[in-house]
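The structure appears right after this line, and notes come after that.
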Amino acid sequence: MEYIALTCGFLLILIGIYGALTQSNILRMIVAFTLANTGVNLVIVGIGYINGRTAPILDTAVPVAEAATRIIDPLPQALVLTAIVIGVGITALMLAYAYKLFTLKGSLDITAIKELKW
Amino acid sequence: MVDPILLIAIPLGAAFFLGLLRDEWRTSAYVITLLTLAFVSWVSSSWLLGFSLDKIAPVEILTAGSEPPFSINLRMGLNESVALLMISLTGLLSSIYLKDTLFRLGRRAMAVLLVFVMAMCGIVLTRDIFNLFVFIELTVIATAGLVLLSHNTLSLGAGFKYLVASQIASILLLVGIIFSYHVTGTLNIDGMAGMSNVLIQTSPLAFFLLFIALVIELKPFPANGWALDIYESAHPAFSAILSAATATASLFAVDKILNIGGDNWLPFATGIGILSFIGANLFALAQTHDRRLMGYSSVGQIGLILIIIGQRDILGENYFFIAGGVLLAHAVAKAGLFWMSGLVNARELSAWTALRKRPMLIFAFVSFIALLIGLPPFPGFYAKWELVHVLASEGRIALIVLILFGALLETAYLFRWFGLILRHEDEAPVVACPSQKVAVIYSAVLLGWGLGYIWGELSGFGNLLYTIPLLFALLFLPLEWLPAKLKNTFAIMGLVTWFIVQYPAYDPLQLIFAAIILPGGALVLLASYYNSGRRIGFYPSALWMFAGLSMLIMAEDSFAFFAAWESLTIGSYFLILRGKQSQPHALSYILFSLGGAFLMLLGFALASEGNPLFPLTSLASVASDLAPWVFILLAIAFMTKTAAIGVHIWLPGAHAEAETDVSPLLSGILLKAGLFGLFVLLINMGKQQLYGVELTHVLLWIGAISALLGNMMAIYQEDAKRLLAYSSIAQMGYALFGLALMNHLGWLMALMFVVNHYIYKSMLFLSIGGVAKRTGTKAMYRMGGLITLMPLSFIAVLIGIIAVSGVPPLSGFGGRWIFYNAIMSAEYRLPMVIIFLAGPIAFLYLFRLIHTVFLGQLKDEHRQLKEAPFWIILPQMIYVAFLMIFALAPGLALQKVDGYISRFFPNNGLNWEGLTITSDFGYWSPVSIMIIIGVIFVTLFSWLLFVNRRAQKVKQFNIVYAAERPYRPETTHFAWNFFAPYRKALGFMTQPLVTRFWDTVAELLHTAADLLRRLYTGDGQTYAVQLLAFVVAVYFLGNGVM
Amino acid sequence: MIKRFSVFLIMLGLGAIFLQLLLQYLPDESLNLSGRYYAENTASEVGAANIITAIIVTYRGLDTLGEVTVLFLTAAIVGLVLSRDQSQPRVKPADRPQPGELLSIGTQLLVPLILLFGAYIFINGHLTPGGGFQGGAILASATLLMLLTHPVKRFSHRLITRLESISGLVFVGVGMLGIILAGGFLDNRLLPLGEFGELFSAGTIPVIYAFIGLKVGAEFSSMLLKLAETEDN
Amino acid sequence: MAFEWIQIPYALLTLFIVVNYGFILNALIAKIGARVGRRHGIPIWQNYLDLIKNYSIRSSITHGVMFYLGPVFRLSGGVGLLLFVPTIYSSVMFSNLSFAGDLILALYFVFFGTLGMALGAGESGHPFAAIGVSRGLAQVTASELPFALAVFSVALQYQTLSVTDIVAAQQGSYLNWTLFTNPIAVAAAMLSFLGAMMRPPFDVVLAPQEIPIGPPTEYHSSYLALMQTNRAIFPIAKMVVYMNLFFGGAISWPIFFLKIFLIYMVSVLVGVVFPRFHVEHSIRWFLVWAVPLGIIAIMVV
C-alpha cells in the first residue's frame, strides 16, 4: 500500500520534471511542475501512512487514551499542507511571470528567452 | 537582550502593516522599512556584542511553549549573530541605496524586501529542517519578486529561469526531508544529527537529497546558469543582497545540514567547492560584462567557502575564524562592488573608467578587490594563511595548490579590471553619484577595514594594522589633499626617522639593506620634488611599499615575512601602474609576484608543518625529506622578484614605463627584496640536494644565464629605459650567482652588488629619465649630442657606466675583483664561462647608451633643450659622490659585512689592513689605483693642453666625411640597430622564448574559458537539465558513500 | 531530439535515485517518537481534537506563519508584476456578453452559503478536518464565482488588502502575546484551553485559524482579481 | 710590496724603453708585412717622423670636451696597463707599480683606454667612428672571452692572481712555462691574442686600407700623436701580460725584447696570410674555435 503511494508519487515527480524539461511552452512547464508537486505531496502523505489506522482526529471513535495505537502519523499531514500552500504560491508567481513575459515578448516559448548567456 | 524571535516577528509585522498604509504614503512606508531593518541590525549587533564581549552562552528559543523536537526551536549563538548582522546590514544599506526604486515601486516592494531579510534571518536561526525549507522557499519567492525591481525583459527571463531551478531544488529537498524524517522520526536538525549514524546507514540517499538541494541553493558551478543571469540582470542593490546575504544564509544552512551527514560527506563539499572555485574564476577571465563577472566571482568565492566547510573536520576551532574571514570579506567586498556598479552607466568593464576622476571611489574599489583576493591587512589574508597551514599539516597539498591556482586566476581578472579603470585609453565621462549611494559604498569600505582590524585582533599573529610603517602609509590617505611637495617632505622625514629609530636593532646584513631601503629611498624621493600638484595616489602606494620592505628585513617569523612581502608587492604594483603605458606590465608584475608569493606561502606552510608562526631561523631544521622542496618553492618565489631568467618578463616593461622617479625605486630598491629573501633562505637552509642535484648549483646556472641573457637583450633595445631594465636583470643575475657560490667572497660580492646596483642604477634611471622628460622620447636614436646641453646628466651617466662596467678606478671594479677571488675557490667552473661571456657584453649596451644619447649628432628639435630639472639632478650628483667615496674606501660599507659573513663562512675572508685589501689569491689597493691613474691622466692631459692650445671648436657637421658633407643629423647619427653584426652573430640567443611561453599559457586559459563558458546557453531548460545532471553525477560519483 | 534524449537519460538517473530510496524504505509499524508524542500529549497540552491542526497552528506555528507569509508575498509580488500596466484603457462592459440568468441567480444564491461554509470550516478547524487554509480557499471560491458572473465587476482592493494585513498582524500579535503571557511565541494557552472537543476550546487556535482563513481568503481573492484584471486588456 | 719613491723614475725609464721599442717594432712589422706583399715598405724610423709631423701640424680642431679627452684616456690606458704589470721579473724596480693591484686590475684596466677613446670618437659626431666602435666592441666581447678563460685557468693552476707570483712559479727551466704546463690555456689565449692585436684577419675595426674608419677617423695632429704613442705602448703592454702569464716572463731586457718580438710575430704571421673577417664571422670564429679550448683549459686544470 505505502509502496503504491510512494511509487505513484515518484512517477508523478519524474513525469512532471520530464515535462518541465521538454515542453518549451511556459504554461505547459508550469502545469508540469504542479504535477511534480502533487507527486511530492503524495510521497509525503504516503510516508505518514500506517497500515490499518485512521485519521489523527480525536473524537468518540478515537479516544485520547488509545490514540497512539489507532492513528496514523499526523506530522506529514501537517507538512503536506504547508507544502501545498507553498506550491500554490510558487505556481501563482510563475503564472504572473508567464503573463508578464507574454505581454513583453509576445510569446510563451522558453527557448526564446536567451538574451542572457555565457 | 531582546528575544531573537523578534528578528522574525518584527519584520513580518512591519510587512503586514505596510499593507494598511495608503499607496500614496511612500515616505512613511519607506521610513518604517528602514526602521525595521535598523531594529533588526541593532538586535543582532547587540547579541554579537553580548557573545563576543560578555561571553554569554548561546540561547535556545522555544516556540509554542513546548520542547523540541516536537515544536520548532531557534538558536542564537555567536556565529548566528555574526551572520544575522551581516544579512540585516546588507538589507539596510541596500534599501538605503534603493531609495528611489522603492519609492517608485511602492509599499509592496518594501514589504517584499522586509520578508526577504526576515526569511534569511530565519534560515540562520531555525533548528528545524522543515522550517528551514519554508524559509528557503520564502527567500526563493522574495528573490523572484525582487528580480523584477529592475523592470526589463532580461530580468524577467532570469527570474523565471531561477524559479524553474528552485522548483526542482525544492522538490528534491522535500523528498529528502520527508525520508529523513521517516528514518529519524524527527524534524529537528540536532535530533537528526543525534541519529546521524542511523540515517546514514538505513537511508543515506535521503540525506544526499537534503544536501544536494541545499548545495544547489549555493549556485555551484556548473549548475548555476540561472544564478549568473540573475546577477547580470537584476538591480545591483539586489544583486548585492543576493551575493552577500543570501550566500551567507545558504552557507549557514549547508553548514547545519552537514552536522547531520557527518564527516564522510565533507569530501563532497570539498569537491564541489573546488570545481566552483576554479571553474567560475576561469570563466570570469573571459568576461567583459561587469555584473556577470562579479557573479562568476561570487560563485567562485562561495566555492572557496564550501571548500573550507569541507575541511572543517581538520580545522577545529579555527573553522569559524577561517570560513568567517573569507565569507565576510567576500560579502562586504561583493556588496560594495555591486553597489558601485550602480554608479556606472554602461556595462562593459571599460565603462568603469568613469570612476577615474574620483579618488575616493578608486580607493573603495581597491579595498574591495583586496578584500576579495585576501591581501593584507584584510580578513581573507589571515584566513588563507591559517587555512593553508592547517591543510599543509594534514598533508592536503594538492588542495592547497588548487586553491592557490584559483586565487591566482581571480587575481588576474580583478587586477586587469582595475588596470583598465586607471589606464584604459578612452575614458568614460564622470557619472553623477547620488550622495546616499556613495555613502552606502563608503560604509562598506569602512566595514571592510573594520573587519581587517578585527581579524587581525583575532588572529594570533599580531595585527598588521598596529605596525607603524603600514599606519604611516595609511596616514597619507587623509593627507591626499595636500600638495605633493609637502607630502614628499613628510615621506622623506618618515623614512629617515624610521631608519634612525631602528638603527640599533639591525645586524650588519639588515643594516646594508635598511640603508638602501630607507635613507636610499629618501634620496630617490628627493627627485619627486619636481612634481607639482597633488599627485594623488603616489604617496600611499610608495609608502605602502616602503612599509613592506622595512618590515621584511625585520621579520622574525614566517607570517611577518609573508605579510611584509605581500604589502610591498601591492604597493609597488600601484606605483608601476602609475606609468602611462604600463597597464599590461603592471598586470604581469602583480601576477608573477603573487604567484611567487603563493609559492612562498606553500613553502612556509610545508616547512612549518602547520605552525602558522614559524620562526625563520628554524628553516634550518626542516625535515630532510621536505627541505629541498621548501627550498625550491621559496627560491622561485624570491627569484620572481629578482626577475631571474624565466620569470623576468614583467620587469622590462614595468621598469621602463614607470614614472621618472618610480623607476629608480623599483629597480634600485624593490629588486633587493628578492635578494634579501635569498640571503635569508641560504643563511638558514644552506645547500640542499634533490635527487642528488645540488640546488645551489642550479641557482648558479640560473644566475649566470640571467646575467648573460639580460645583457644580451639589453644590447638590442632601442628604448633607453628598457635597456637599463634588462641590465638590471643581468645585474641581479650576478648577485644571484654570487650568492649561489656559497662561499665567503661570493656573498660579499652579492652584497657589493646590492649596494653598487642601488647607487648606479638609481642614478642612471634618474638621469635617463630626466633626459627622456626633456626630449619627450625614450627611443635613443631620436636623441643624440646632448652632452653640451645636459652636461650634468652626462657626467652622471658616464660615472654610472664606468661603475657598471667595472673599469677601474671606480667601485664597480671592486665587485669584479671580489668576484674573481670568489670563483677561485668555487667548486663549479662551467657557469663561470657564461659569466665571463656576459661581462664584456655589458660594455656594448653601456657604450650604446651614452653614445647614442649624449654623443653623436644633436637633433634640430633638441637644440633649445635645457638641463634636466634641479631636483632630478641633485640626487644624481649625490650618487656620484657616493660612488667616488665607495670607490676609494669600499671598506666603509664592506668591512663590517665581511666580518658578519665570517659567521657563516669563516674561511678566506678579506684582509682590510692598510690601504691594500688582500685576499687569499690577490690584492687590490683602491687608493693607490685612483692616485696612479689620476697622476698619469693629469700629466698627459696637461701635456696635450700644452701642445694643443690652439685647438678651435668647430661646428657639428665639420667632419671628414667621405666625399660629401652631411646635412641632416638624422642621417648622420649612427644609432639605430647599433650592434647589427652582433645580432647577426648571436641574435639567435635572444629569441623571446620565455615571453612566448607565458603568452601561450595566458592564451590557452582564455581560449578555454571562452569555449567552456558557452555551456551557459541561456536556455532555462538547459540550465535545469544541467542542474539535474549535476545532481545525478554527484550521486553516481558518491555511490561509495551511499 | 538530442535534448530530449539527454533529459531522458537524466530522468533515468533520477529514477535510479528514487528507486534506491524506495528500496531502502521500510514502512513504520507504529508511530515514531514525534507522532507518538503528538498523539499522546496534544489533548492535554493544546486541547485540540484535530491533532493536525494542533501541529499546524501551535507546534509548528512558525511554519504556518511562513506559509501565510508565502501567500502574502505571492499576492504582493503578483500585484507588483501585474499592476504595472493598469494604464491601458479597459474594454467597455457593454461589449461583453451578459451572464446568463441561471448563473447570476445561482451566484446570488450561492455566494452567502459559500462564505458561511468557509467560515464554518475554519472556525471548526481544531475539531474537524479542515481549517484556515481550506476555509480561506472556499471563501476565495466565492470571489471566483462572482468574477465568473461579472468579469468586469470591481472589488475594493483596499478592503481586501486591509483584511489581509490586519489578519496577518493579528496572527503575529497573538504569537507575540504568547511570548509575554504564555510559554513562548505562538503558544496557544493565552486563552483557557476550555472543554476538550468544544467549539470554544484549544486556546487561541480558533482565533488564529479564523484570521488565517480570512487572510488566505483575502489573498487568494486578490490574486484572482489581479489575474482577472489582466484578462480584460 | 710597498711603494717607494725610487720606483717612479724606474717606471718612467720602463716607459721610455717600451715607447722606443714599440716605435721601432711597429715599423719593423709594417716593413715585414710590406715585403711579404712584394712592396718596399717604410723606413724603420718612420714612426718618429710621423710623431714629429703630427706634433708640428698647426691646424687643430676640437669637437668638445670628450673629443679632447679621448686620446688622453687612450694613452693613460696604455701607460697604466704597462705600469700595473711587472715588466722584468726579479727586478723589484722594474716591477713598476704592480703593488696597486693584481692580474684582475690589468685585465679590466685594458678597457679604460678603449672606453675613453670610444667616447671621444663618439663626440666627434662622425658616423664612421661610431660604426668602428660598435664593430670593435662587438668583436672584443668574443675575442676577450678565451683570454679570460685562459687567465682564469692559469690563476687556478697557480692558485694566485698576482702576476709576480705567477711568473715566479714558471722560473727554473723553460719546461715550467705555462706554455708547456698548461698548453691548452695558452692555445686559447693565443687565439684571442690574434683578435686583440687588431691585425688581419681581425682588423675590420680600423680597416686601415680603405676609407678611414674606426675611432681615430676624426683625430689628427697632436691627438693623433698621442694615439700613435699609445699604439706603440699598448700592444707591448698587452704582450707583457701574455709573456708573464704564459711564457715565463723576462728576467732581463734582452729576453724581454726577444720574447715580445716573437709573441708579436705570431699575430703578424697569421695576419699576412689570412684575409679579413666580417665582425659577425670573427665573433662566430672565436666562439667556435677559441672558447671551447678555454673551457677545456678550465675543466682540466
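For the reader, a short list of remarks on this structure follows.
So that you can tell them apart, the chains are marked A, B, C and D in the order they are listed, and the count of residues begins at 1 in each.
Here is the rule we go by: a residue touches a chain if its C-beta (ideal position, glycine included) is under 8 Å from a C-beta of that chain, and two chains touch if they have at least 3 such contacts.
Bear in mind that the values here come from a model prediction, so they are computed numbers and not experimental data.
Interface comparison, B-C versus A-C: the pair with the greater number of contacting C-beta pairs is B-C.
The geometric centre of subunit B is 54 Å away from that of subunit D, both derived from CA atoms. Averaged C-alpha coordinates put the centre of subunit A at 15 Å from the centre of subunit C. If you average the CA atoms of subunit A and of subunit B, the two centres end up 50 Å from each other. Within subunit C, residues 3, 7, 10, 14, 18, 21, 25, 28, 32, 34-35, 38, 60, 63, 66-67, 70, 73-74, 77, 81, 84 each touch two or more of the remaining chains. Multi-chain contact residues of subunit B (touching two or more other chains): 130, 134, 137, 141, 144-145, 148, 175, 179, 181-182, 187, 1021, 1025, 1028. Across the assembly, subunit D contributes no residue in contact with two or more other chains.
Touching chain pairs in this entry, ordered by label, are A-B, A-C, B-C, B-D. Per the touch definition, subunit B reaches subunit A in the complex via residues 130, 134, 137, 140-141, 144-145, 148, 153-154, 156-161, 163-164, 167-168, 170-171, 174-175, 177-179, 181-182, 187, 228-229, 232-233, 286, 292, 1013-1014, 1016-1021, 1024-1025, 1028. Subunit A meets subunit C in the complex at residues 2-3, 6-7, 10, 13-14, 17-18, 21-22, 49-51, 55-59, 64, 67-69, 71-75, 77-79, 81-82, 85-86, 88-90, 92-93, 95-97, 99-100, 103. Across the complex, subunit D meets subunit B through its residues 3, 55, 58, 60-66, 68-69, 71-73, 75-76, 79-80, 83-84, 97, 99-105, 108-109, 111-112, 115, 118-119, 122-128, 130-131, 133-135, 137-138, 140-142, 144-145, 148-149, 152, 155-156, 159-162, 211-212, 217-218, 221-223, 225-226, 278-281, 283-284, 287, 291, 294-295, 298-299. On the side of subunit B, the complex with subunit D involves touching residues 785, 787-788, 798, 802, 805-808, 813, 816-817, 820-821, 823-824, 829-830, 832-833, 836-837, 839-841, 843-844, 847-848, 850-851, 855-857, 916, 919, 921-925, 928-929, 932-933, 936-937, 940-941, 944, 947-948, 950-954, 956-962, 972-975, 978-982, 984-986. By the touch criterion stated above, subunit C contacts subunit B in their complex at residues 3, 6-7, 10, 13-14, 16-18, 20-21, 24-26, 28, 32-35, 37-38, 41, 45, 58-63, 65-67, 69-70, 72-74, 76-77, 79-81, 84, 161-162, 164-166, 168-169, 172-173, 175-176, 178-179, 182-189.
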